[in-house]
Amino acid sequence: MAKNVIMPALGMAQETGILLQWLRQPGEIVTKGEALMEVETDKATVEIEAPASGMLQNVTAAAGDEVPVGQIIAVIVAPGEASPPPQASPAQPPQIVTSVAAGDPPAKSPSVSPVAARIAAENNIDVREITPQYGTRVQKADVLAWLETARVVPTASPRVLASPKARRLAAEIGLDLALVAGSGPAGAVSAADVTAAAAAPPPTPAAVPTAVDAATLPMNNIWRVAARRVTDSWTTTPHFYLNREVDAGQLIAWRQAAQARLAEKITFTDLLTKLLALTLSQYPRLNGMWRDGDIVLNEEINIGLAVAIEAGLTVPVIRRANQLSLQELARQRQTLVAKAQAGKLSAQELSDGTFTISNLGMYGIDSFSPIINPPQAAILAVGRIAERVVAVNGRPVVQPRMALTLSCDHRVVDGAGGAQFMQTLVEFIEEPLRTLK
Amino acid sequence: MTQTVNQPAVTVPSNELEKWMHMYQQMLIIRLFEEQVNELYQTGQMPGLAHLYSGEEAVAVGMCEALRHDDYITSTHRGHGHCLAKGAKVDRMFAELLGKAAGYCRGKGGSMHIADPVSGNLGANAIVGGSAGIATGAGLSAQQRHTDQVAVCFFGEGALGQGVIYEVMNMASLWKLPVIYVCENNLYSEYTGYKEVTAGSIVDRPKAFGIHTEEVDGQDVRQVHETALHLVEQARRHQGPAFLLCNTYRYYGHHVGDINRSYYRPKEEEQYWRDERDPLKILSQWLIGQKMAEPLMFEQIQQEVNQIVEHGVRFAQNAPYPDPSEVSRHVYA
Amino acid sequence: MSMPSPDTRHITFAQAINEALAEEMRRDPTIFIMGEDVAEAGTPFKVLAGLVDEFGTARVIDTPISEQGFCGIGVGAAMTGMRPVIDIMFGDFLTLAMDQIVNQAAKIHYMSGGKLKVPIVFRTNLGATRRSAAQHSQSFQAWVSHIPGLKVVLPTTPYEAKGLLKSAIRDDNPVVFIEDKLSFQQKGPVPTAEYLIPFGQAEIKRSGNDITLVATSSMVDIALQAATLLEADGLSAEVIDPRTTLPLDKETIINSVKKTSRAIVIDEGYERYGITAEIASLIADEAFYYLEAPVKRLGAMDVPVPFSPVLEDLTVPTPEKVIKIARQLCGRITTSLTGA
């Protein structure tokens, strides 16, 4: 049977996707699971797998086209099967799309060491689920750490919580429950949520929401709003950047010690969040914002975590991070990331951030210059930890080093203020015991 | 004889010989029926188990021959003899034992639950002592409906361990109910000699409730019958309940599968009862001794009964099983 | 509530029972009452007061304290043309008569291939909070509802007590008729004219759209109180009283849950393995794809009923417990449901 290739919904309330390029050409034989096309949504570029094996035919979208989610852009015809007539794209709201990639991340073959691959196989682990601690290659230690975590804290199934009635209704109207925000007990999707989602107006890409609308738009438009705000940020916020490289040796030791003590998986981001929250409490301007010509200092220290999911970038917020223990930070981070990956973050979990941390170290990035998440005053970029030769007391020493970049809104923070903040943060990182003072 | 002529008794014998020969036949039917049941079990032709009445025939026959057709009995797990003595037919009895639709309970009761309201049989009961309430209730019912029916509650001496017996005897005595409690002491409560589990005197127990109590040789049908006539008449005249202790013996084990019994009773004991205390022999020898009957007459009866039993087994074996729809019928009336 | 005649009086639950018995005994001479202290005493609850004056001690029979014995006698009388109404003074004493009810009364019709019938009523009661401690406070409707061959009736109002008892007496099967001890003095409208209430017909005591409260006997009032309190939350609760648990009116329950999508089942029997479990399972089976939330149950706490009022009151379902769960099911509280 011919299988439709559709423009997939890769993020919450995503309405369109841009076809960057076909990786296979019409008439070619494709195998289910291999990369078929590249799609850009919001901030992410994603390779989409072929949903079936067969010949790629009836290609209706060309590179560069922006296509509504759910639209059929090609078909894959099984060998020996007649090509179906070209179909008109169904006029469906985006929620009615069955996402090709939903719950099935793009099969990027990760780089894995042979030992790690063997251990993973023995323990029935998908190595794609493992984020390497260093660089991009999954090592034995990564797998062992993953196993340890898995034993203590079984990873929550990303199954969508929904009432039986909601499931029945969603199945009847062909709605993907993963795309519906739940309002029922324990955040479960209720029948009312399904009917509301089904009744939502179909996307009208031409209608750009006004600023007034933006403040009152329902949650399923948050991404669109965020995207526009980032654009606003880039075009209206005077950014400047401060770079520091730090010795990560103590950070690594701290992580090992904390991991030995706690059941929760502890990441470098958890440690940095902890240190950052403490530093921010000493530098309120970095935790402030520019609002209508005024500098406003926030009472709470709410740290946003830039989380990469298949669909792009999302920034859930850990509230009052300065009041949380490392264990609590790790727990909340784990919950938020899991929810982000399941597309289940609530509006509340995405709002009221006062500072953002973005760590691309796990992707092997040395350093980068992030865009400020408005209306926040600054964002901290964290690069990978890599061994480098540095001069210590005139002698070459190999140290694990990590690059930090602070992007600041010059209207709120000046160079010296930002530099002092960075100095304190670096001291904490290089000597976490200072935080006890 | 005190039986009223115009009432529908099971049989109205025209003379002494006919009466005793009829009882002999009834006892023989039970004897051969039970032997056939044992064979059906041993040859794997009968589902489940059965508790054989062989050896105790004089109790059921002597008692039931003193009853009218509309009098009630309740029976026990060792109940085939009571049912046959009260008027059940051999063929439908066999059919019930084989789980056939033609059985007295449409195959849904089995050996331990044969009931035949037409002959006044309110049912065998597989709970030891379980029918004591029912028999007493039937007596209360007769009293409430102002009839002169009598209810007979058969039970083994093992049921003396059940409290309900004493509860209902208390009420039967208080309310002068027409109930006769017939205790068949066959010496064994299942696999245990009764003396090991029965304190004091059996007959003192009903006496304590002020119940008229008699004790007879349960192997002598004449003695059982004559005492029964007296007790039934008394109950019919609203003079209250009675307790009849019949000393008897079961030839087989607790049930057909209870083959190795030497651990609780010697073979010699079984042989003694079969040789010296057999109710069929006791009656036939008495009739021959009285010159009322000749051995040939008993041989004729034996042939007739053989035919009845053979026919009954064939009928049951050829009868159809119940329709599967029967499984959920009769849960509610 | 359906009311067949506008010509009604307000009488107590106990009077309604008494009337039903008197009317039926006048109609049918085979009916008699038997039990402990039923005649001159009229039971400790005075429910039967006066009946012995009209019908005499031959038809209102005081027994010794022998539950198994007089229940068994009742069974035998029922098999032979009578229609006894047996009084078991406290529901807890059902245990003493269980062989007669379960092994005899319930099975005789079936075991005899339909030849024998046992038209008998076992009247007894349920309910805690009378400070009667562990052996006089239990609610055993689940025990008897488990048994094929029995029917089980749980009247809630005087109207139901009378109409259902008359049906029970006329039924050809053994019926366990369980009254709420605390409702004997409750008054309610009862028609003057004769009426019967058939078994297997639930009553919608209150209509609502957001949640179904299935409640039996003593718990119907708890459910109605909860429904009133839930109005403040803007939640409209439907209260269903099955009235007989055997047979059970599945249709009314299922239709209600299909409408509301949420259900709490409330019964005063022990919660574990109880009436509530059976009805919750029914809902899960037959209305699963209409459910918005898990079906929740509320029964008596799984402990022997304690004497001290402070402790005893903790063991029974209350309107507060009901509304707490109802709010959770309706998404008004975000607390985890698993510990509810």
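The chains carry the letters A, B and C, assigned in the order they are written, with residues numbered from 1 in each.
FYI, a residue touches a chain if its C-beta (ideal position, glycine included) is under 8 Å from a C-beta of that chain, and two chains touch if they have at least 3 such contacts.
Since this is a predicted model, take the numbers as computed values, not measurements.
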Pieces of the assembly without chain C, by contact: A | B
item: Selected pair, greater C-beta contact count between A-C and B-C; value: B-C
item: Centroid-based (C-alpha) most distant chain relative to chain B; value: A
item: Euclidean distance of C-alpha centroids - chain A vs chain B, Å; value: 86
item: Chain B and chain C, separation of their C-alpha mean positions in angstrom; value: 41
item: Mean-CA-position distance for chain C and chain A (Å); value: 58
item: Chain A-facing residues of chain C, complex; value: 261, 288-293, 328-331, 333-334, 336-337
item: Chain A residues within the chain C interface of the complex; value: 163-168, 183-188, 190-191
item: In the complex with chain B, residue positions of chain C that touch it; value: 30, 32, 58-59, 61, 63-64, 66, 68-82, 84, 99-100, 103-104, 108-119, 148-149, 151, 172-173
item: Interface residues, chain B side, partner chain C - complex; value: 72, 74, 103-109, 113, 115-117, 122-123, 125, 127, 130, 132-142, 144-145, 151, 163-164, 167-168, 170-171, 174-175, 329-333
